[in-house]
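Think of it as A, B, C and D in the order they're written, each chain with its own count starting at 1.
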Amino acid sequence: MSKNVEFVVQVIAKSVLENEAYFSELDGVVGDGDFGYSIARGFEKVLQEWDNMDHTMPGTFLKNVSSAIVSSVGGVSGSIWGTSFLRAGMSLETKEEITRSDVVLLFRAAIEGIKKRGATDLGDKTLLDALSPAVDQLEKSFNEGKDTAVALDEAAVVARESAEATRPMIAKKGRAAYTGERSIGTLDAGAVAMAVLFEAVAKAWKE
Amino acid sequence: MKKFVNDPKDFVPEMLKGIALANPKTLKYVPAYNLIMRVDIPIQDKVSIMQGSGSGHEPAHVMAVGKGMLDAACPGNVFAAPPADYVYQTTKLVASKKGVLHLLNNYTGDTMSFETGREMAEADGIKVRTVTINDDVAVKDSTWTVGRRGVAGNFFVMKAVGAAGERGRSLEELEALGNRVVSVTRTMGMALTGCTPPAKGTPIFTLPEDEMEMGIGIHGEPGRKRIKMAPANEIVDELLEAVASDLPYKSGDEVAVMVNGMGGTPISELYLLYGYVHEQIVKRGMKIKRNYVGEYCTSLEMAGFSLTLVKLDPELEDLLAAPAEIAIRVF
Amino acid sequence: MKKFVNDPKDFVPEMLKGIALANPKTLKYVPAYNLIMRVDIPIQDKVSIMQGSGSGHEPAHVMAVGKGMLDAACPGNVFAAPPADYVYQTTKLVASKKGVLHLLNNYTGDTMSFETGREMAEADGIKVRTVTINDDVAVKDSTWTVGRRGVAGNFFVMKAVGAAGERGRSLEELEALGNRVVSVTRTMGMALTGCTPPAKGTPIFTLPEDEMEMGIGIHGEPGRKRIKMAPANEIVDELLEAVASDLPYKSGDEVAVMVNGMGGTPISELYLLYGYVHEQIVKRGMKIKRNYVGEYCTSLEMAGFSLTLVKLDPELEDLLAAPAEIAIRVF
Amino acid sequence: MSKNVEFVVQVIAKSVLENEAYFSELDGVVGDGDFGYSIARGFEKVLQEWDNMDHTMPGTFLKNVSSAIVSSVGGVSGSIWGTSFLRAGMSLETKEEITRSDVVLLFRAAIEGIKKRGATDLGDKTLLDALSPAVDQLEKSFNEGKDTAVALDEAAVVARESAEATRPMIAKKGRAAYTGERSIGTLDAGAVAMAVLFEAVAKAWKE
């Protein structure tokens, strides 16, 4: 199962690099247009450092991913994404193999980390608004005994719906918050990124 | 994109290299952490003062490094706060016995990086204090927002704290001084055009030929409202009213005034604006003790300006008048 | 037109008013002749130094007035030389026993106005000498042309002559010094965009998104050739080759280097350019004794830059290093 | 006849102000786009000063016009147009009434003044290239005994043709000269102005 963690991080990294321009464009509408560039530099670093990372335990591996991001990405994304991978890694402790429930716990830990680091919660029009419901769906599908490919598909659908649902929201965090009312009617860049990444992982899993 | 750039990824490093090459006797560039620092730092009996922020605001902050102002600046990429790791590494490099003062503009990204960087440095036993600058009156400081932004007013904090630092003040004194400057400084800016981050290659936002953006941030974040182009004097009237009524600045106050260009507005227009700003401030009964007309905190090549007022007292005025040896200079 | 302007006809007067209001202790604005002068001029035992040219090149020349540089500047409208009458009146106002030195950039219009103005002043018994600046290598100095243009290199003439003037040099000595500076100064500029004179309201010329203009003048006159956009370093290579091979500047020469912004190019890009300029000049074996990165002679809001080299000798270096109290300043 | 001189100057002034933008546009092609603005300010001043001018003798009147221009217009145009009116006025000495041959002499004097002040001659792609042939035609038509309205019409036609003829020329004077070869194929702003003004005077004369 540890290989799967590396596989998913690989898919995320590739997809972030493919969508760099698109993510920045989304952030440009009411933000400052650097979201794609910022995280792309982070996952570039992740791929560069790949071979120097500790691949024995998924937990330490995820912590290494976090360090690569924190040392290369500035601002909100550096802290938010760095925290997510750090907390996810910590939640796995020293396990060498991980289960489906570990995966859910790992996501829950990341979400808690984001809430704390970002002093934010659901409804603030951030990536949380797509990530959190998607993880709920993933857990639900797992509990219903669906196999992983199907569960990932269902989570991806929810992630996309939830990302679209950020449109009517008013941004309460990040640069977009400065535009107040004017953020209404726009999609949150981070939330859309979550949808894109869940979809990418679901697709790759099948292949 | 019409810019002087090679590989956009190298935009910031190549700029920093240029700054160091232009000031070999006074400044040093450390590529590993993207930072510019004084060659003679740390000075053990002086507090070290550093600021970090996104790039694209030059001369803020990398060109404000030098004796009498900042001891170091650690910029991130264009409009992206520096990684927490850079903040930590820079803090370690400049740390003196008297401690390190962090100056930062109030943006979520910068706050997060500096909080983390400070924690890491304190874990190494380095004394750190933080002054957060939030002079922008365009953002209403209501409970749900992230608070006011730090904009061109940061110059006055850097200058005052930098001068006091050279005079051997303690870390706590500098922190108090910095917060005092913030408490008497107010700014509002506006834009005639958007701007294009080199790595993005396209404008962050575009304004129709007959519209302008009031209450703009220094990252091209759209501002308060978009309105039709107006004569220079009318624009000044609106910004001045917003700024002056905020503190408020009253008749009899002694003030410093800054007309700050956003990067693409020529100095001729800035002086045209200053002429009317000066008259209106005098009309309001204030005494202008110091004025600043030029570029202090920009948004790449954006056309626009911001207006800053600082309420002075004798100590503050004296600190602002003190010399400083920084990269931006005429000779 | 996206500019800070009220009635375009008042663009220059309102700018001059702003300069005077920003520098009340040192500068005076005389509306009748559109001029900015030092309040303490004439000083009878000092030669008075003045320059006139079209407006739109700020800080040149109205913001270069002050102790140690110009004693007065009489600008015309944007990109139009001053009327001969202004030159005459300004000369009369600043005239000291030691005489008046006229500095001007070599353009037909300026030459005509200054010739007439000088004749009128001499008729009043005022001693006048003239230094014509023509540092632009973009214009081939063939017999049928009007000769090379004066561009950003004029800064070095103003600075050197201004410093020598403060040291009490005679009119003839200053004329000789000015011509000597011109003889060792070379410049070439280029543009990424055109610019819009306020009274015209539309760009003088427009460049396609993927093209740039090499060998541009400071009035938006189209330059030598239009070519495709290129990386910053390649642009520097072309300008440096043209400039360095003209004098020529040789290995071992001690030089001053200027990277001058055209008005719309942010300082971040200018320092990026300087970094590579510096490396290339060092590669050519020259010693960089002084560098200048910023805006010295602009074309309104044009995006672009010019590269200037000055061959130094100890006297010239000392004069360039001397202090000057002018409107463009950081504090 | 002295009234006629004032009438013509009035027509010129009005037409310069009407064509300000057009003249600047022409100057913008290979020049710096200020020609219209410059002379417009000059003739504005002429109209402002009108009542303070000496209207007893056409010669002194034209000298007053010259002063108004020299004190308000910078650069080439200030010197060139100022010189033209000055020389024209001087050529009339103290005459109170002027003849057709005085008119020709007046133009010849102006042309000589321009050549000297501008260190220029025919073929340099300046206003001279339209003014000079137009004056030749005016003299010819006068000598053929045609009445003034007709003579002005014929001169205007030549002025226009000659202005068009500056297109293939290479600019040897003024800012346009800096563009060298590239000035070929463009019209000289000053020459076109001459055509416009001759046409305006011819038209007004008939009304």
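Note that a contact is a pair of C-beta atoms (placed from the backbone, for glycine too) under 8 Å apart; a residue touches a chain by one contact, two chains touch by 3 or more.
Computed from a prediction, not measured in an experiment: that's the story for all the values here.
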item	value
Geometric centre distance via CA averages, chain C-chain A, whole Å	55
Centre distance in Å when chain A and chain D are each reduced to the mean of their C-alpha atoms	74
Inter-centroid spacing, chain C versus chain B (mean Cα positions, whole Å)	29
Cα-centroid distance, chain A relative to chain B, in whole angstrom	32
Category of the chain touch graph - line, ring, star, complete, other	line
Which pairs of chains touch, using the document's own definition	A-B, B-C, C-D
For the chain A and chain B complex, residues of the former touching the latter	24, 28, 30-34, 37-38, 41, 70-80, 82, 117-118, 172-180, 182
Sites on chain C touched by chain B in the complex	2-6, 11, 14-15, 17-19, 21-22, 55-56, 58-59, 63, 159, 192-193, 207, 209, 212, 229, 231-233, 235, 263-276, 278-279, 291-295, 298, 300-301, 303, 305, 320-321, 323-324, 326-331
Partner chain A, residues of chain B touching it in the complex	54, 76-86, 107-110, 112-113, 116, 139-140, 144-146, 149, 197, 199-200, 202, 204-205, 217, 219-223
